[in-house]
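What follows is a pair of complexes built around subunit A, which joins subunit B in one and subunit C in the other.
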Partner chain A sequence: MFLLKDYIRPHSLSEAIKIAESRPYARWLSGCTLFQLFRQPVALGVDLMGLVPEGVERREEGLTIGAMTTLHQLETSSLCLSLFGRVLPQAVAHLGGIALRNQITVGGTICAHLGYSELLTALVVLDARLNFFRRGWMYLSDYLASPVHDILLSVTLPVREGTFSLQTMRGADADRAILTVAAANTEDGISVSVGGRPAPALLVPEMEQLLLLGGTAQAASEAAAEALYFGSDTRATAVYRKNLCAVLIRRALEEVTA
Partner chain B sequence: MQIVIIILNHAKVLWYGSAVRNAFFSYHRIIFAGVTCRKEDAFLKSVCRSLDKIDGRSAVLGAPMYVEDLAPRDCLHVKLLRSPHAFARIRNIDIAAALAVEGVAAVYTYRDIEPVIHTIAAEAWPEGSPRDRVLLGRTVRFVGDPVAVVAAETELAALLARDSIVVDYEVLKPLLDFETALTSSTVIHEPEEVVCLLPADNDPAHNLAAGFIKKYNDADAVFPQCDAVVDEVYRTKAQMHATMETHRAFCTTDMRGNLVITSSCQSPFHVQRIVAEILQIPEHTVRVVKPKVGGAFGGKNSTLVEPFVALVTKRTGRPSLLVLDRQECFMATNTRHATAIRVKIGATAAGVIRAIRMEMLTNTGAYAEHCVDVLAVGCKNVLPMYKNVSAVEFYGKAAYSNTVPAGAFRGFGGAQSNYALESAVNELSHKLGMDPVEIRLRNIIREGDTHPFLAGSTPGKAGMVVSSTLDRCILRGMELIGWTENARPCFLNNHTVRAMGMCVGMHGSGIAGMDVVEAEVRFQYDGSYMVLTGASDLGTGGDTVLVQIAAEALDADPDEVNIVTADTAVTPYDKGAYASSTTYVTGNAVKRAAEKLRRNLIRAAELLLETERGAVTFDGLQFTAADGRFLTRMELARKAAYYTHGETLFGAEEFPSFSASSRYGGSTSPPPFVAGFAQVDVDLETGSVTPVRLACVADCGTVINPKLARIQLEGGLVQCMGYTLYEDVQYDRLGNLRNDSFTDYRIPTAGDIPEILTEFISSYEPTGPYGAKSLGEVVFHTPAAAIQDAIFNACGARVRDLPITPEKILAAIQKETA
Partner chain C sequence: MMVSMTVNGIPRSWDALPGDSLADLLRKNHLLSVKIGCNEGACGSCTVWVDGRPMLSCSIPALRMQERSITTVEGVREEAARFADFLVGEGADQCGYCSPGLVMTVLAMARNKSVRTPREIRRYLNGNLCRCSGYLGSLRAIKKYLASVD
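Take a look at the complex of A and B:
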């Protein structure tokens, strides 16, 4: 339950943007799950229902996921189950229960740039591009590095052949990740992303270089973990996350290069 | 003759369909275990049957039966302003802005109520818990301590008003580490602010809430004679009860102006006494009703919400409702006591345990609810497990700190102490090179054995275990988990090892010499029965079990036995649902009352049939005289109700009453026993633990309802699994709870639950109803030590501090290999 003091349902996206510009305290409403964790009432909610696309489609430019698509739709979509080694369904399957995943939207997850999100970690490694209402196209990894205030319409993933892996460590099932690593080995090479540091997911820079230099997956993973910054929270300390990171990257690499 | 009875009974047993297996089993037990038991106990019909919970279907269908469902619509909504500081004194409170909020009916602060020093621990009077609370005081001692009460027409108005109160605090440096509290210069309670009705070794000037010492001989004299000694410290964290229904109560007034409190609580009669005391009104002007409760686990055995609604309704004359939100439930109710327990235990080379010393320090948090008894249970319900000891000592202390107050929680000190003792015994077995099963079988207390710490012990005479199948529970548990076949840890892949661990546990059944309950059973004019008890079913199925016991005594169909419970104006006194006592203590009272009623009914039939005393038999449906004349139960009921003509037979004073009451208070607290086993997978590179199987075989005496007993057992195992592996109450440096939501405080969910194997091997407890003992708490005792040793067996690293998180395991592995 959360308290909404005022509520507007705009007729168009431009109207929604105008409201947000005139009233900076306004919040977009999509799945409304994060608000339930807020302790403070929401002063104004602007409902995006019906304005933002929903559903998963295969288009020429790649797999397109509407921002209003729920995590459970993603989990059960036949396209997601047949592409990218099923990492997308895997990335959402452990978040709460189905009831919760029926509410949480892909757009909400991205725009809240949640650090622990396995979905963001997977989307980053899949080279996701975001389509915003005003700003147009933008890479997810760029967005996570410097978020913009806009309305997300859809996410597009280039469909590539290859092998993929998602490695997640969590304290209990259905809990947020302590650390999560996604890896892809495609025609564009090997890439690895790390989320739950607990800051948002990012691509490990120069993963291929590290592999070449290190020689073994073990050495490359340790070098990659060494280069990343980790923080502490109630779930784990930075030291443990760094240790864990090397292990999970190595396992992901072993899986995608096997 | 005995053979004939067996054949006859066998035939009768087969007749009762679903009861066949259990009844036949219990019959075998009676004959072959050589236990003497009354003849009629062999014909169990209602007992030993897996009946559904009587309210289960309604609960599943969402019927309105919980507190908030029943509250009047025009209730004032009550909200509490809570302290944002862990330790502070209130200089001033300004409530002007709050009173100005539209819809606000009342705002109360320390200025509005007499500071009556009390305890909110719902336990028998005089309470063992030191009295150290006032309802609204000028000192706040943890983040969440109530500062002001707001009542308003709507919830929103109440929230707005609450947030408009301005409090000027003098913030003090909090004391958060209970392990250093006893030597700290910070004093949380001034000595004049604490009153003890019973000796508790309470010393507020040194933050000592209570002490409890028990000694049998001198352990230090025995340790030098031991070939192996383990001396380690084990730490357990606080644990949240995490009930589905948060704490809540509403209050109305009856037509005489008396307060009627409907509360999700465990002990209505104690709540009645405590509320009356705080408001300084006579107890008979307060009535407390417990409807269906959505989980309690001990957390609702503290009177946390009822005084506030009573205050509001008393002052405003309006009904009022207080529902704690989830965050309040985490930060401002109560937790399991965190502990640091040092165990020193010594054994001979042959594995005979000779001496045990336990030093148990608990964190009682800001207030001292239940702290004395938690120490006592940690001692008396755990240490008697090993019988061969020449010396056993227990030194318990409870320390104050500026954290969430601790309180009652399933296991009640026994959980923590059992974890420490059993872990030490496991370490001892490793040191001796013995199988942990072997050391148990060699040392556990068995039927007929005595121990000076057992309930029922008197000076110079140790208490005795009269019923136990623990040895068989251990052997059966070994079979269930495959202990012998899977003895060696095995690698599942290059970094995952599967291994097992085990331990045993015991508890008590009610509190010997203290618990007293009364129960009434009535014969209704329609031929049915009505049980009235003050017992509190907390969702456990206690009401169902009591119905089964009454039905058994009356040879009735359980469907014909109704039950009304837990209403101080209607039901006889019962101390409430704590100390694992509904089945054993209240069950005994119900059985006695039902048997008394049965005797009354037979006497009534004798008068009606005009026969000699003892000439009428009753099979549950009809009363039959020796000459074959009979009277059905319905006829008796109808005639007695409608055929009265003045002072004739039915109206005569001598005619037996159709209502019978009886009492029970035990001089013993027979321990139930459990043998628990765990199999886990440990990832050596990440420290991650995945429980694969939990097995537990329990002896709770006769199993009154196998289905309800099984869910108790499974629930207890899973609740302790979360406690062992990830439930981790954390505070920041200012004393704020860091994980005050289910997002950050993880309890096991469906995906975490491993394969669970449970069985019961019944002993026969002669003092229990139909041979039953308790079960509700002992089920929590085994997973912690069993999982801890399984992890050690898998990775060679021992983590003694709960929760055993992957991070701690990995650090221990790295230390081991360094």
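Take a look at the complex of A and C:
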């Protein structure tokens, strides 16, 4: 049973926005998998299924992923398997079983700004840009810092040559990440993002500078971990995460610079 | 509100409340193979196929299923019975509560030839919990079943 009082399936995105404006307590429905987990009553669910694009395609501006694309579609997409060192399939492979990955959507993952999400960590390092229905384009890292209330249509990743790495620490194979680090070494330089702090993923500021100043990957990783804020939750303490972060960043840096 | 969908090949129009999950709706209409375990998308007992893809029916609003095609264990009786023989043969069946969900996931896996290594099988089945069997017997049964259908 869902704690859902009313359900509407709008015919268009403009209609969906109108409903949300006139009834501010309404919530968008995407993959619906977090609904049961949060157990919060919702007075009106506005279903976005069929209104928001799904699927992965290569366009001039980059790899475009529809917000309704499921994690399993991402995992099996030949484009995702051939680009970015397969970090996208890798980022979703550990999440639950096949049925759950058939339901969770990329858009839902982004708009729920889940801290432990490996996918968000990977998308941040890949310089993802979000396309919203009303607001238009916005960088994912900006969105995670200050979310907007809008309908996400798609995510675009600039296709760049380079090496990529995703490093995750988890208690068990199917468990959520305690900490996750993604790194990219492309023509734009080296960038590193850290997720599961447990706050949502963010880019390590001035990663290249840290590498230059530190000299070694080890020193740069320790400086990077020092520059970030970590919190405690049931999975790990802030101190544990900080120590772990330096190790995961070093491994990621070694992989992308090898 | 009425929702029209195909269930196990038969067109149905059922009355559903906004708060009904697909699992609730199926059980209300006597498809009792669908089990609600955790009711939050973690245990896999409620797995059914939606348009041929395994999904967790406890986490889908029933009203969203308009014009969709649903398959439960009742719709794949023969195949399910064949796989059940392998499960019983390996002693991997005790209380049976998780079996319908496991069967739906395994039959979907049998159709997906890209999942065959033990690691791939485990990852595919991550979301199907069983509190009795300890999984090893189930895994043996699954491997033997897949070998028999491939």
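Assume the second predicted complex is superposed on the first by the 257 of 258 C-alpha atoms of A that agree within 3 Å, B and C clash if a C-alpha of one lies under 4 Å from a C-alpha of the other, contacts with A are read in each partner's own complex, and residues count from 1 in each chain.
In this text, a residue touches a chain if its C-beta (ideal position, glycine included) is under 8 Å from a C-beta of that chain, and two chains touch if they have at least 3 such contacts.
Note that the structure is predicted; figures quoted are calculated from it, not measured.
Contacts of A:208 after superposition: neither subunit B nor subunit C is touched.
Look at A:37: by the touch rule set out above, it reaches both subunit B and subunit C.
In the superposition on chain A, A:255 makes contact with neither subunit B nor subunit C. Annotation for subunit A, partner touching more residues between subunit B and subunit C: C. With both structures placed on the common chain, the touch criterion links A:234 to subunit B but leaves subunit C unconnected. In the superposed model, A:45 lies in contact with subunit C only, and not with subunit B.
In the superposition on chain A, A:172 contacts subunit B only, with no contact to subunit C. Look at A:98: by the touch rule set out above, it reaches subunit C but stays clear of subunit B. When the shared chain is aligned, subunit B comes close enough to touch A:243, but subunit C does not.
Common to the subunit B-facing and subunit C-facing surfaces of subunit A are residues 3, 37, 39, 94, 97, 173-174. Those residues of subunit A that touch subunit B in the complex are listed here as 3, 37, 39, 94, 97, 169, 171-176, 178, 234-237, 240, 243-244, 247-248. Note for the complex: subunit C touches subunit A at residues 1, 18-21, 24, 39-42, 44, 47, 53-56, 58-61, 63-64, 66, 105, 108-109, 114, 122-128. Within the complex formed with subunit A, the subunit B residues making contact are 156, 327, 685-686, 688, 722, 725-726, 728, 730, 738-739, 741, 743-744, 746, 748-752, 805-807, 810-811.
Within the complex, the subunit A residues that touch subunit C are 1-7, 9, 29, 32-33, 35-37, 39, 45, 47, 49, 72, 76, 93-94, 96-100, 102-103, 173-174.
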